[in-house]
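Per-chain residue numbering starts at 1, and chain names A, B, C and D are given in the order in which the chains are listed.
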Amino acid sequence: MEAVANNQLVSIEKPEIVAPPNWEPVIIGILCNWCSYAGSDLTGTSRIQYPPNIRIIRVPCSSRVDPWFLIKSLQTTADGVLVSGCHPGDCHYISGNYYARRRFLVTKKLLNFVGFHEDRIQFSWVSAAEGPKFAKVVAKVTEDIKKLGPLHLYKKENFEK
Amino acid sequence: MNVEIFVTDKAGLQKFYEAIIARNETWAPVEKFGKFDFKRVSSLGECDPDSPIATTRSAKPLFFPRSAKIMKYTADSTGTRVKETDEDPFTAKRVILGMKHCDARSLQVLDKVYNWDYIDNDYQKRRQNTVVISTRCDKAETHCFCTSLDYDVENLDAMDVLIVNGTEGKVHITARTEKGDAFLKENLDPASCILHPVSDEELKKQYQAFAASFRLKMNYKEINEKLSKIFDSPEFEDVSANCISCNTCAFVCPTCHCFKISDERVKDTGVRYKSYDSCNNGYFTLMAGGHNPRPVKYRRWRQRALHKFVYYKERFGENLCVGCGKCAVSCPVNISIFEVVNQVASNEVV
Amino acid sequence: MDYTKQIQEIASKLFAEGKIDVFVGYRLTGFDENQVPVLIRDQKDVSQLVFNDRSVFNLVNYLKYEHTRNKRVGLVVKGCDSRSLNLLLTESQVKRDKLYVVGIACEGVVDEQGNKMQNCMECVFPDAIVADEMLGTPHEVRKYKVNADIDELASKGLVDRRVYFEEVFENCIRCNACRHSCPLCYCAKCCIDQETATLYNGANTTSGAFHALMTWSLHLAGRCVDCRNCEKACPSHLPLHLLHKWNERVIYENFQEHLAGVHEGDRGAFYKYSMQDPDDFIM
Amino acid sequence: MARVGVFVCFCGANIADFVDVPKVVEEAKRIREVKFAIDYKYMCSDPGQQQIRDAITQYRLTSIVVAACSPRMHEKTFRKALSDAGMNPYLLEVANIREHSSWVHQKDKKAATEKASDLVRMAVAKSIANEQLHEISVPVTKRALVIGGGIAGIQAALDIADARIPVVLVEKSPSIGGKMAQLDETFPTLDCSQCILTPKMVDVASHPYIELIPYAEVLELEGFVGNYKAKIRKKASYVNFKTCTGCGTCWQKCPVKVPNEYNMGIDKRKAIYTPFPQAVPNKPVIDAAHCTMLTKGKCGICAKVCEKGSIDYKMQDEIIEREIGAVVVATGYDLWDPKPYEEYGVGRFKDIITSLEFERMVSANGPTNGVPVRPSDGKVPKNVVFIKCIGSRDEAKGIEYCSKICCMYTTKHTILLHHKVHDSHAYVFYMDIRAAGKGYEEFVKKAQVDTAATYLRGRVSKIYKKGDKLIVRGEDAQIGQVVEVVADLVVLATAVIPPKDNPDLARLLGVSYDKYGYMSEAHPKLRPVETAKAGIFLAGCTQAPKDIPDTVAQASACAAKVCGIFSGDTMKKDPMISTVNNEYCTGCQNCVKVCPYGAIVTEEVPMGHGSKEMRTVAKINEGVCQGCGSCVAVCRSMAISLAGFTDLQIINEIVSI
């Protein structure tokens, strides 16, 4: 609490870790090809601006996202992860996002249980038409994770930021 | 060397420990989740050096770490550069308290292999910089059989300082090596002790009581000989049937020293690790071409038993077993290596 | 709860009738009250078999090794064990017609100190679900209870939980006894054992242990039957049940009260879905 | 070791203005595996592609990273460049530094550059793990399914069938013809709609390659391009079409009267009916909701009077299954219900009608024999007010887009009014006159002169009743005054909207759709008739509002696409599919359970080398697999991998940010 009073940003999970000055979080965005990736392209074509912290990885479907991608991300380069897919019922592959949704919930709750702030792992449904929504989602996730401070849990030892 | 025996009482011992902890980097058995394990300690309150319960895992990780970083490298377009790894936390000068005799003995066994064709400098450094203080057990546990093996438990010189609980609350402290002698001079306040003037009779008495408490007894020479002849014994299949190949025995064993080398890379930085491995692991012997000479449990079990009691003996003149019983204690299905080797050896090949 | 005699009789009969090649049961260690799983291959060894409240280990685990593969197996299962057997049947790992299952209406087993195991006190299905023959008086199906440890830990703050689990992962020595003792971990090669440098998670460090245990518990989420083989196997005595029970609770509360291995053909919570699944955590 | 070439595009100023491109190149050059990196103004241009081709041979590159626009845009282009240079096209990775960096971080060049560098590094890391992939050949069922029998469906079906490819044409209503059959004359030529449409309808009915299934709907479509299986429900018509001669006695005698949909409910039809006289097929169906024999079991007159005994009250819905290679979706459009315009008195004033109602009235075969009348008193109106953009371009009440056709048909309506009622006068309230199209502007100009209609630019604010007249109050923006027009009849040019069940159909087909319910094309400019799902094409208003010439053009384009698929006995398929590593597969069959396409089966393989013991493993049917990766994520032993998106590729991306 003291550190906060001094206007220093600390890691929410490990308050002893203080963010370096001008610290910017790295967020990994894993997007499904048909809805969210197309939606993020639309954000681009519409020139809607959003914070530059997100790094986007394209996968065919949200159901391709194995929970260990999220674990690995948080253990290496990321301070937070966003996974985005098609809205329920709109999956290009019929039912992929329904399976993915179950895995996401359990993964999120489990990571939260062992001490990660729940906002480190976020999910969204963004359709190919929702360019503005994608920008809003990224802005929100970035803002959330900025508040949480740097992630310093179980990082791989050879990871140097 | 000339043996001096210091005699003190429980309180004096506590003071001795406190002095050690205050002056040295000290490792001692600490309880976590109901099991004891060697941990770095900063006060006597954290640990229990005289715990009658042996540590679940041996002191091996302090000399042969679970995952040692053997190098660190970066790779970019200008080339691959090996970077200095962080300082090895185990090569600092340190003291280990509360090591049982079997654990201490295991270091002598390991020394053989680490000084063999390749001299492992890190290991040597760790050994040289460590003072081992060992307390003799008062009583054997269920799976203990150290007295049945090829070393003299009573006159063991694997520890630098030996502590023995005598009668009437007396505690005997002896240096067993020169390093130990020097250490005692530095850390033990002679004022709190009586210098034992006479023979070490009391120690002998304690040892006899301790030796009498063993349930398991075997003739290791017979075992060595019989096992060397029964490579094809079908008995191995029987004794390995309830093994679940879980590797626990090798990981807790003080003498198992198999490892694997693997790289982990993030961004352009990689670390090369040397981590524990176990011959019970199904793909321990899997070769790059896909062939696996030990695809089934009994072959792996045979390797384990024979390596411990035949191969190592042939090469280094020692059993690769110190009779600590840690494997049997930790085995999820309560398999005891004592029973296994005896069972195999008792069924001679026709 | 002592069915030693009955089980010896059943095994003896099965061998005499030539119905089985191997019988998986328990025998005494020979030096204390604890028991060792035993694979009996001959009628003359049947007298080794015992069964009482110290018959803890889930024998279904033995169905994945070469000693039982493609053989006709007799097997003793308690309630939790039978649920894992149910999953193995569903996941085509064993063939029902090759098994002779002796089901136990289980009164609960005890740990090495003789105290009743925590999972037995919270057991929902004490009676074997899959069985050719039942021993004991059947129980009513009990109500699902949230694990007490979970409740306590979940009510703590984020930092406290982090501190607690950091200790857990730090004490893991990555011997993999947990996964080898788990009847549901039967993969030929575990996904955690990767060799490629970027995929590698094998380092025997806290972060490696975190990765391994997280991945492992997610692979068992919605499948774990709470037999606690893993916890008993763990040489560091880690509270592994916390991860599984937490997942079980999340799944039970969110996915139509799913419990693993209760119904034949139910593969676990991640291999089905419902339109009613919670969606509010997704933006 | 991998030798990667990195090619960074300026995209003119699109990337270069907001990302420091030379810096990105410089950063890329620092990566160990990158052996060549360069920037260029337009990488997608031929000289740009030439650079890639040259570098591949000169630097012996093993994979290529192009940092440019979205891979959804030019991945194919660059893949082609790779294969032209003799390299496997799937060794390409695209780093999306335009849509994901330069266009969205225009205010922060430093951050955008950093991000672009990261994206390149990720793409390089991924590309190192790329494998050579080869296109897959899949056998093709040469039969097309056309959904919807309006002019789009008719045109597509005829064009495909003329190429001697069998077509199954499914129409929801009892007759094909669609909306165009309801029109009187068509702009800008004032052709008689019926005269140009009905011959095509007859052609459909008689074409040897067309199987017409009217009064039916598609229930299920499973499979994949070239190998779909469609389940079609043919609704019970209660009339045996095989024996019915279409004589008409039944509907003449039927006592039940129902509002006639074809005439927008202005007159009545019977419970047994053909939608209109020129219907194809010209056989009646029984409207089960209204027939008293079917609802109450009383009547049965039609069965009595039918000489052929064609009436069968016990007829059931029939499920028809067809194997299909490609699908054309031509479900057309609906008109927006103007009810939200309460201030106009919609619903309260009978003399406010929609344009399609007006169209039916002025139609020669319409309910009023071609003369417009006031619904309230049947009198012929003199002053008629046309109001455009009802629902269109109206975010508050209707939809945002322009319905495209209303300007033109309203112009047409002023002409038709002028023709039918010589002494009438038309007033047109408009926002803009959008007359882009061949002959359209001329048509509007001529109409304005010929009809002397009064064009008032402005929105109508209110309509109220005064006596039997309607007073239309609106603004004339050109003179900046509020005007009031005394009208006998008000015609609302209601917006074009997608059919209500379009999203349902889209979901059933696995096609994406936009927020209005129009189905989405694969690319708005370059792939306007394809959907993102291979083998499914869009014709007409199911994609967006359009007029008849555009619809017909798109329908023919669909036909060309379908014929393209069917040009060989097999077709090429993307190799981004799953494969099973038998060594690791445990045979648990979780993948079989979650695969949405049923693409995974099991096979028996030996336990080990030369072993006689067998075990079960999963096997992917590569023709059926669509590459979603669901199976990969549920495969605990990591035995399945998805080409192009392997675990190694994705993790490489993650760890190299």
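FYI, a residue touches a chain if its C-beta (ideal position, glycine included) is under 8 Å from a C-beta of that chain, and two chains touch if they have at least 3 such contacts.
Just so it is clear, the model here is predicted, and its values are computed rather than measured.
Q: By CA centroid distance, what chain is farthest from chain B?
A: D
Q: With contacts defined as at the top, give the pair, A-B or C-D, that has more of them.
A: C-D
Q: Work out per-chain C-alpha centres and flag the one nearest the whole-protein C-alpha centre.
A: A
Q: For chain A and chain B, let me know how many angstrom lie between their CA-based centres, rounded off.
A: One centre to the other, that is 45 Å.
Q: Using mean CA coordinates as chain centres, what's the chain C-chain D distance in Å?
A: 52
Q: Give, as an integer number of Å, the spacing between the C-alpha centres of chain C and chain B.
A: Taking the average C-alpha coordinate of chain B and of chain C, the gap between them is 32 Å.
Q: What are the residue numbers in chain D that touch two or more other chains?
A: Chain D, residues with two or more chain partners: 583, 594, 634, 647, 651, 655-657.
Q: Using the touch rule from the top of the page, what residues of chain A touch 2 or more other chains?
A: 72, 76-77, 95, 99, 103, 156-157, in rising order.
Q: Could you pull out the residues of chain C that touch at least 2 other chains?
A: Residues 189, 191, 198, 201, 203, 205, 270-271 of chain C each touch two or more of the other chains.
Q: Have a look at which chains touch which and call the overall pattern line, ring, star, complete or other.
A: Contact pattern: complete, every chain touching every other.
Q: Give every residue of chain A touching chain C within the complex, in rising order.
A: Listed in rising order, the residues are 12-15, 67-68, 71-72, 75, 88, 95, 98-99, 101-117, 122-125, 137, 140, 153-157.
Q: In the complex, go through chain A and note every residue touching chain B.
A: Touch residues, chain A against chain B: 76-77, 156-160.
Q: Please output the residues of chain A touching chain D within their complex, sorted ascending.
A: 26, 28, 30, 33-35, 37-38, 40-41, 43-45, 47-50, 52, 55-61, 63-66, 69, 72-73, 76-78, 86, 89-90, 92-96, 99-100, 103, 127-129, 135
Q: Within the complex, which stretch of chain B touches chain A?
A: So the residues of chain B touching chain A come out as 69, 72, 264-267, 269-271.
Q: What residues on chain D touch chain B, complex-wise?
A: So the residues of chain D in touch with chain B come to 29-32, 34, 583, 608, 655-657.
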